[in-house]
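Read from first to last, the chains carry the letters A, B and C; within each, the first residue is number 1.
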Amino acid sequence: MNETVTTSAWARFLETFFRPDLIEQYSGAIAKGVIVTCQVAGLVVVTGIAVGLALAMIRAYRIKPVNFLIIVYVDVLRSLPPLVLIVLTYFGLPALGSTLSGFVVLWLVLSMVLAAFAEEIFWAGILSVRKGQWDAARSTGFSFTQALAWVVVPQAIRLTVAPLTNRTIAITKNTALGMVIGVPEILNEASTAQSFSGSATPLMMGAIAYILLFIPIVVAGRWIETRFAWRRS
Amino acid sequence: MDRDAVRVAAELMNEIYLSFFNFEIMREALPLLLRGLVVTAKLCVAVIPLGIIGGLVLAVMSQSNSRSLRIAVVVFVDLFRAIPPLVLLILIYSGLPFAGIDISPFAAVCVGFMLNNSAYYAEIYRAGIESVDRGQTEAARSTGMSSAQTMSYVVLPQATRNVLPDLLSNTIEVVKLTSIASVVALQELLYAADMARSLTYNASPIVLAAAIYLLILWPVVRLLSMMEHRVGN
Amino acid sequence: MSESRADTDANPILEARGLGKSFGATKVLHEINFRVFPRELVFIVGPSGSGKSTMLRCFNRLEEPSCGAVFVDGVNLMGKGVNINQMRQRIGMVFQQFNLYPHLSAEGNITLALRKVQGKSKSAARAAAQRCLELVGLADRANARPNELSGGQQQRVAIARALALEPKVMLFDEPTSALDPELVGSVLQVMRNLRDEGMTMVVVSHEIRFAREAADRVVFVCDGAILEEGTPEEIFSTPKHPRTREFVAEIAR
């Protein structure tokens, strides 16, 4: 009696999440979603880290009013859930007359959030470079900017690789939030397919697409962490 | 020419005020938002302790002598760090009913979050445990303490102390993550705010929700920032 | 020169038979046979990398021997069904890096095992800790954290921590190598006192003067094997094995 119960539960599981005909039908749609997800994620990583590094370097000049603005910006963006920012931007901006596509809003918001976290990480890295390094660089004639760019930041970066990788992975996974504002990324495609087909199989396909996409990145992140171990003493 | 610019600026400011900071609408929406906040709080209280405990258990298991256990932990952790939380949530929330499993929305959300969180907490604790000098374990074992006693009384206290900033940082992330539950119609803070938005065609309720998140999280973010910079120095 | 107080008629407190250890393909210890009698102070010397520390750590199975057996108080540590945690209470170990618990006070470091392993009550544990701290001359620093103590003081607390469990034999793994020279004396004095009280001790160390004055027997280990053993006189003044002579000549420099 138990045998038939378990096999039927297993069969029901497969039927719900792994229907072969639906898998075939929707692979194309999911694949298109993968491309969009990759595009957004790639753009977010590049702009987010670049802006974060720029902000941290600006902070090194210790110009009080500018630093105040940077700190406010960073604090606010680290305290707010990304989804709140996405919804606010997407549904709020039209009232001001500008219409940005979901894709652009997603990229903009996630970049700004990543920039905020990246700035904190780079700043901590810059702070932890010994003062002696500044002394040595300045004493050989480097200007402040040159010392910052060629001596301090390269050392700071080594310490930032691990936390930055972790944070970047976490934020790029937020591309799934694009579904809420109609960006045709993986989850959106999967969800639409689910409504049309009345089955959870496309959802599982979407989940697997994410896993296949991100597991290599997570594993690479783990490897990077061991190579550049950031030790808190 | 100047007067035109000022007029345009003033109009823009007015637009921004009306669309984003409409206090009338905010006042009307506040009760609804507060009810949502209660659900958010319930979610946090359910998910955070269980996530921390789950993560701790996983981290201790990752130090076990059994290779298969260690591999199982790595697979679990990498899997649930690779799946975007929203995808996991939708999969559990929408998918399980298809498989015939009946589960309340709140419970579905809780399970999804716990799976995701414990993976992150596990990584943090694992780093903490590995940051404790091996000599500590040797000293404790040499006085006849068992592995379990050594872990409980010597390693874990030091490990937790070492990764306190990371634990705090992740907990902040969990609180922000609750906003995702709005996508599966769990009536937490963002859901309430978005509902108010669609009723009033005005983004002010969302700004109010953002303000509430800021009120709760910004002090903790600031505290975390100070902790991180002290360590970095 | 010390008078041997060792009780060589009794059974050895610690005995290794055919003890071998390999790390992967590298054989670090070659079938060591070693015995320590009650009240003996045995010094283990040898060039660095000779396997002295590994040998010591095999004695309480902090390193798992690849082959052979270790007997403590007649019990084979490698035997099936042996409760290694219980056996380790009979063996005290003092480490080169002290390894004090930074999150506990000096007293806390000592009482932890007394409470958790031996099940003593808080008051009994504290009394025992006080006694041990008195023995090492640090009774007034019971509440100090390790980072408030000098290296020598930390090592003395570490000795007290090992002593508190009332072991039958104490193993010292280069106890003074990590100390500034002026702090070494205080630790050696404690070790002298322990010896005078009759503790059985096995010491891996480079403190040759201490060996000459306090050791009953010196063992010379080289390339994972015991090449020669004898009284301090024999080993340091009249070594027989060429390798021993080489070593003694080096350290005299």
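We adopt the following convention: a residue touches a chain if its C-beta (ideal position, glycine included) is under 8 Å from a C-beta of that chain, and two chains touch if they have at least 3 such contacts.
Small disclaimer: the values here were computed from a predicted structure and weren't measured.
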| item | value |
| --- | --- |
| Longest centre-to-centre distance from chain A, chain (CA-based) | C |
| Most central chain, Cα average position | B |
| Whole-Å gap separating chain A and chain B, where each centre is the average of the chain's CA atoms | 15 |
| Rounded Å distance, chain A centre to chain C centre (Cα mean) | 53 |
| Chain centre separation in whole Å, for chain C relative to chain B (CA means) | 49 |
| Chain B - residues contacting chain C, complex | 133, 135-136, 138-146, 149, 153-154, 157-158, 161 |
| Sites on chain B touched by chain A in the complex | 12, 15-16, 18-20, 78-79, 81-88, 90-91, 94-95, 98-100, 131, 162-163, 165, 172-173, 176-180, 182-183, 190, 193-194, 197, 202-203, 206-207, 209-210, 213-214, 217-218, 221-222, 225, 228-229, 231-233 |
| Complex contacts: residues of chain A adjacent to chain B | 12-13, 16-17, 75-76, 78-85, 87-88, 91-92, 95-97, 120, 123-125, 127-128, 169-170, 173-177, 179-180, 186-187, 191, 194, 199-200, 203-204, 206-207, 210-211, 213-215, 217-219, 222, 231-232 |
| Chain C residues touching chain B - in the complex, by the definition given at the top | 60, 62, 85-89, 91-93, 95, 97, 99-103, 112-113, 116-118, 158, 161-162, 165 |
